[in-house]
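So that you can tell them apart, the chains are marked A, B, C and D in the order they are listed, and the count of residues begins at 1 in each.
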Amino acid sequence: MKSPIYDYLHHVLENVRPDASGRVAGYIDVLAKADPSRLAVALATVDGHLYSAGDDTVEFSIQSISKAFVYALAIEDNGLEYVLSKVGVEPSGDAFNHLSLQKGSHRPMNPMINAGAIATHSLVGGPSATAEERAERVLDVLSRLAGRRLQVDEAVYEAELRDANRNMGLGYMLKAAGILSRDVDPQEVVKGYIRQCSIKVNVRDLALMAATLGNGGVNPTTGEEIIPHDSVRQVLSVMTTCGMYDSAGDWVSRVGIPAKSGVSGAIIGALPGQIGLAVFSPRLDDKGNSVRGVSMCEKLSTDMGLHMMDISQVGRATVRTWTVTIAGGEHQPHGGRDHQEVPVFGLRGAVRFAGAERLTRALIRELLPDPEDPLLSGRHADACAVIFSLKDTFSLNHVAQRIIREDIHRLMAAGRNVVVIDPAGVFKVHGHHGLEEKPPKVVADEAEARHYIGGTGCRLVSHSDSL
Amino acid sequence: MKSPIYDYLHHVLENVRPDASGRVAGYIDVLAKADPSRLAVALATVDGHLYSAGDDTVEFSIQSISKAFVYALAIEDNGLEYVLSKVGVEPSGDAFNHLSLQKGSHRPMNPMINAGAIATHSLVGGPSATAEERAERVLDVLSRLAGRRLQVDEAVYEAELRDANRNMGLGYMLKAAGILSRDVDPQEVVKGYIRQCSIKVNVRDLALMAATLGNGGVNPTTGEEIIPHDSVRQVLSVMTTCGMYDSAGDWVSRVGIPAKSGVSGAIIGALPGQIGLAVFSPRLDDKGNSVRGVSMCEKLSTDMGLHMMDISQVGRATVRTWTVTIAGGEHQPHGGRDHQEVPVFGLRGAVRFAGAERLTRALIRELLPDPEDPLLSGRHADACAVIFSLKDTFSLNHVAQRIIREDIHRLMAAGRNVVVIDPAGVFKVHGHHGLEEKPPKVVADEAEARHYIGGTGCRLVSHSDSL
Amino acid sequence: MKSPIYDYLHHVLENVRPDASGRVAGYIDVLAKADPSRLAVALATVDGHLYSAGDDTVEFSIQSISKAFVYALAIEDNGLEYVLSKVGVEPSGDAFNHLSLQKGSHRPMNPMINAGAIATHSLVGGPSATAEERAERVLDVLSRLAGRRLQVDEAVYEAELRDANRNMGLGYMLKAAGILSRDVDPQEVVKGYIRQCSIKVNVRDLALMAATLGNGGVNPTTGEEIIPHDSVRQVLSVMTTCGMYDSAGDWVSRVGIPAKSGVSGAIIGALPGQIGLAVFSPRLDDKGNSVRGVSMCEKLSTDMGLHMMDISQVGRATVRTWTVTIAGGEHQPHGGRDHQEVPVFGLRGAVRFAGAERLTRALIRELLPDPEDPLLSGRHADACAVIFSLKDTFSLNHVAQRIIREDIHRLMAAGRNVVVIDPAGVFKVHGHHGLEEKPPKVVADEAEARHYIGGTGCRLVSHSDSL
Amino acid sequence: MKSPIYDYLHHVLENVRPDASGRVAGYIDVLAKADPSRLAVALATVDGHLYSAGDDTVEFSIQSISKAFVYALAIEDNGLEYVLSKVGVEPSGDAFNHLSLQKGSHRPMNPMINAGAIATHSLVGGPSATAEERAERVLDVLSRLAGRRLQVDEAVYEAELRDANRNMGLGYMLKAAGILSRDVDPQEVVKGYIRQCSIKVNVRDLALMAATLGNGGVNPTTGEEIIPHDSVRQVLSVMTTCGMYDSAGDWVSRVGIPAKSGVSGAIIGALPGQIGLAVFSPRLDDKGNSVRGVSMCEKLSTDMGLHMMDISQVGRATVRTWTVTIAGGEHQPHGGRDHQEVPVFGLRGAVRFAGAERLTRALIRELLPDPEDPLLSGRHADACAVIFSLKDTFSLNHVAQRIIREDIHRLMAAGRNVVVIDPAGVFKVHGHHGLEEKPPKVVADEAEARHYIGGTGCRLVSHSDSL
């Protein structure tokens, strides 16, 4: 059985192959000579599996796609606040090579237009970095993102440098506007920026680089944490509104994937927690985006349900409740009854706010008097203990952790035993400020939980004990 | 035990309460007289639970927040394509009351600025609707979204009408630009639009309306499907880039929740599959957004991990593999061996592309020769049958359905029995075009699967049978 | 002998007649049905002679050409300062029907775009004028400018009113921006403005109206002072930079005549002190200017040397100096010599600053010691009297008056008799603040001057008496 | 007697001296250190007399004022059409250092903003000029305009070069846009442009340079024709709409003099046929214009009646008619009468279209049947000869020449003798195409005219001979 994913990718390629519209970027010879028939697609999962089809090993210069990653670098090396003081985050509505400085701040509108990208490049390595250090740092990080040592295409670099008047103009303008720092030579920065754009990649590299963004900055094949989590969020946000040049709204509504395109004909897309993708076809539309690349992105988004506003995107964590019977270890005063039922609350899936909120509602429903009819208690209002089962919990994000810790704290404060079954260790017993709290008992499985509760001499709780 | 969610919402309120900056909208008396100290927050889950705190029953006019929902209405009544021909989807970078017609098409930039919202209102009910029908349809749908019959605040309506010069100007401009249709009277449309803005709501209404967007258009309390799924996606996309006026990029990177604000001081946010939220505080910043409302949204996003580009947003579906032993029901030709191992592939969580892709990889790993070493077969290369367990599968989106159906098709084509355990009926055995395919056997539990396979006289499959 | 001017005008017509490019304004039926072959030119001198050729009695609606004259009315009725607070004077670079409000002030950019013209119309008659009074005042003044009672073309008025959405939009926008005053109904103003545009004229009317501007506001045929002199200057200035829509610089450099065009295909031009001209041809270019009209204006400017920056435009006043002999009426102390030479300074032409400055230099040269060689006196250093001959002086503007009065004052202060020959009364002996000065003797001719000086017992002046 | 002009200029200075508002240009040290109290004014007549007051010999760098003259140079060296293809003529409404490229053509908006001035500088000397040749040509021509050898202020040049990032940016942008020609190095052009701006001048130099523009390009002191007449018209037109940066309309309506300002605090103004003026005061307003300089310009315009739309600007040429009596030299057939009256038409002043038109009307009135009553002939309908007296004619522009030649042609064709009294030779007997026409007799005075006509045996003309 061959994976149908491969077949699907070939289908995507063949679907757009006949479209010969658009024109190869003609401003420099090296790009103008690109074979317009080239066509490739690649898709990398956030756990590191890579699918590709078509001309997937053909190399081309990365061009503007580098802007997204170098923006992440600039944030890492200078802090987000400082980077925001130099480069904005608003879609410009202008062409990629427009100056587009914001009134007042003189900041370039965003890091995805050339002016912003030149400013961003100047920030790599911090204020004391030399031109060589900036260039080397960019090449090094892009290589780590791609999982292999990348090279600069010197022919492209030389050709772009010969035709760099507009970028040189932008460089001097940025210097004049105080965006480039005092010690930075505009010519050196523009050269470094052009070098950055001349790095050779193929769609497999790009898909992996995009998947690194989708995977919170961790390269899914090498496992290296390359981009800090917060930077990833910022980069993806800016790609959402500014990645595809001057039609942010159109792209978000039709494709709905944070993306970035380059003049060599490639586009990357990255969806948090899911996927990185890359397409390549050299013929460009009026805005400078690959014609067939855009078509493929649209098809991938539609077919694969990747639109970020698609409700099916997001899985719900679920809560199930059942009971276990604890054999009473003690002599029972009023005789006869030596077993008691203890409720178990099982959380399944990747639990975030919504899951933790559902758990909390379940706790209230089972353990508390009915708010509609206070005389009616929950089924387990008198349970002496409560078990949380995290056996099927894939993950707990920070807000879920906080809510569950708070639930446990309140249950324990009301005199109940709490046991957490957490074989995989997804639960942090202590929060940032919660060291003083008595932590719940954490065990590996249900048997251990029963044993522990049995040993505590757990007693009925009166339902009049409110919590 | 009180839910900690309530405590958290109170914490959110108290956190911003001291901030007295900003000014109540002053352009009409009724708004200018709003009590600036009012403060409220509400949060509705997509399964219909509503939390709120502060002045959560204080009513105010819905104002521009209505634009998001009326846009959905216009799409439903005219089709997306037609609506896009009349109103664009690009952030304008201009103030809410700017004309902002696009060059060439003369379309207002987007449905969230007044010009676009007036055009949108004119589309409600389709070309033959009267002014009364438009107004009634808007009130009706907003009421169904809120789950209660809403009312127009006649005092606000009258006051806004007296100060409607700018909107009247926009109305005539739209008429002149051919955006309003031939039979529509600009004055009537503007009146209807003002009436739409004058509908009274509280934060609980708004949170539920937002949660309806987050829930794919289905009101989570009434269960009514009010907005078609595709319209929801469009509305949320436009809210993402145009909801908070002229700083799309800033809002997306800092808050990352599709949102819409109104001049009465309310803001809604909706996150697909998760939550609807609403905040209220009348004092506005320079852009016309509620000062404390924006702060609350930022805090909610940060604390609750709601940013759409936050990787922790998205849970991963997981795949587990185990085996069941089938008692051989037949006489074995070469004697002795009358049991065989059949692999089970269990899918847990909300399965989308990524989950289905993981399943496919697991199938290939277990059933096929190792691509790295073709002499080495998968553990279950000779299994006569394959069981898919969807017992723990919360949902399968359309792409996941397609991939799994394709997997099954290929397995069956290679001569293997396939049994699907699907107690909840999440799996559709037939795709759109797949009626000719032989469907797999679907059963309710593992025992039934074993029994079925046992009865088929399942034979070993030679691993040389490629699939 | 027929005047060659007529032949020239026919030549101008025939020169452009074959040009069939451009399109008749199509936005209303009445204009769209205009006969595109119509062609006319008229030219009025500032002393009231009118030449015309072609379809010179064909009437058409005045349209935007009315804006120039109504701007003059608004200034007269409100004062320039107030009008400037409501409507700017900057070229907009936008189309005529663009809103173009200035940042901060919200003023329309200038009175020649529709928004500015509507605001201007609202100012006619001052704050208390009714819609009827505004309309009547406009019709009355335009009639007096044309020298005959004009009529509104009711068919054009009705048609434009039916298609007035854009102007209605502008009206409401202006109201919202606070440009229209509190009591003014936008609909009424726009109706009045459309009525103003619907007044019927022919090229002869327009040439006379333009010549009134060229003649400082005085209708050259009726002699009525219709527009105050200062308003004329303002109107001509605004026509210079804003009259031909969005290419002020191009019009000024190529044609160099203050002008205003209208959508019915007419253009007027007015050159101060010289001429008013009007052309008519209904087909318009992309900017809404008459194609053949623009060609005729260019040809007229070039052929007739009308460019305002053409140096040959401006004649120089000249100064001539001669002497008259005064027969000494008294007994001469040192005998024998009973005649003396008195210098006459004759000023010819229209004297402004430059002429008065030349006169002053002549006085100094003839009467004072040579500044280069103080021992060398002027030829008439010892003349007891000085005669100014204004016999050939066409006019003295205010600065020339002031300089000459100052010259006379200084001469008399130095003890010389001054006689002014001023048969036509161009000289004002008293300035604004000069009532205390002793005025010079004013006479009708040279004989009278000689007689007067002879009678004064004029004595030699020592050249050591400096002034 | 001292010229009151001097007193007036001192009055102008003292009037503005107390105004200490505005700030000295601070972007480079050398300018920032300028003594802010400096104040000067100079005024040069078009016949070469120079008045000045205040710090009239203090030198400063010419800065942007050079742009006007270098624009003239570029036109001379490349032709107007080519220059227009590289630099537009529209006011930009933007700051002086804004890029402001026109859509489509990528031309800088006009030659008075920096981008346009850099492009203009690159055109000096034509396509093959080197950087040195451009610099030398600029310095040479500016020196000839000033009437003395000017020098570059090397300290200013060096300082501006150190702070030239913005201009360097503009240079590269212009190169990228194809405005700078292929062989031109942006850095070299910007250096040359900065050198051009660093030339040292004082207000007397500037007034003379401005007066050269006012005098049709001929330096009024040296008599050298430095700028061709057509270029002067173009330069003055562009100064009118673009000279004072971003408020063309305001400057034209308030001051009405073509002008150019520079950041060192100087402003020049030039009025065709009249005057050149220059003011100097280093403190600048927000737009970069000298505060007190603007005040002085306004005062000079108002006091001296220099506004270009002021009707008193333009003198009228006048026509007078008288008769001379010719003694009949021949035997008279019907006896007795041997004298006849011959009309003389005297033209006075600078005659342009309007004067020639008036002459033509006089001819028709005197010589032709009354069009109102054809039976009534003009007084001189039967005159055998017509005398034109140009004795008092200051000048005849080309259109006046043409009209008068045409009048003469028609008179002679109708059988009348025509004699032109033209002692100063203002009349050209042959036009461009008129060589075949028989020219009129030209004489020096009235006596000679009478003698000539008497000798021709001049006979009565029947008034039935129409023309």
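One rule holds in what follows: contacts are C-beta pairs under 8 Å (C-beta built on N, C-alpha and C of every residue); 3 or more make two chains touch, one makes a residue touch a chain.
Computed from a prediction, not measured in an experiment: that's the story for all the values here.
> Could you tell me which chains make contact with chain B and chain D both?
Chains that touch both chain B and chain D, as defined above, are A, C.
> Given that chain A and chain B are copies of one sequence and touch, is their interface built from the same residue numbers on both sides (over half shared) or different ones?
Chain A vs chain B: same; shared/all numbers exceeds half.
> Where the CA atoms of chain B average out and where those of chain C average out, how many Å apart are those spots?
About 68 Å, centre to centre.
> Starting from the mean Cα coordinates of chain A and chain B, work out the distance between those two points in Å.
The mean C-alpha positions of chain A and chain B differ by 19 Å.
> When the centre of a chain is set as the mean of its C-alpha atoms, what distance in Å lies between chain A and chain C?
71
> For chain A, what residues touch not just one other chain but two or more?
Where chain A is concerned, no single residue meets two or more other chains.
> Quick one: do these chains touch in a line, a ring, a star, all-to-all (complete), or other?
Its topology is that of a ring.
> For each chain, which other chains does it touch, given as pairs?
Applying the touch criterion to every chain pair yields A-B, A-D, B-C, C-D.
> Per the contact definition, I'd like the list of chain B residues that touch chain C in the complex.
Residue positions touching the partner: 99, 165-166, 168-177, 186.
> For the complex, which residues does chain D have touching chain C?
Listed in rising order, the residues of chain D that touch chain C are 1-5, 45-47, 49, 88-91, 93, 110, 214-216, 229, 232-234, 236-238, 240-242, 247-250, 252-253, 256, 258, 272-275, 303-318, 348-354, 357-358, 360-361, 363-364, 367-368, 392, 394-395, 397-399, 403, 406-407, 410-411, 414, 466-467.
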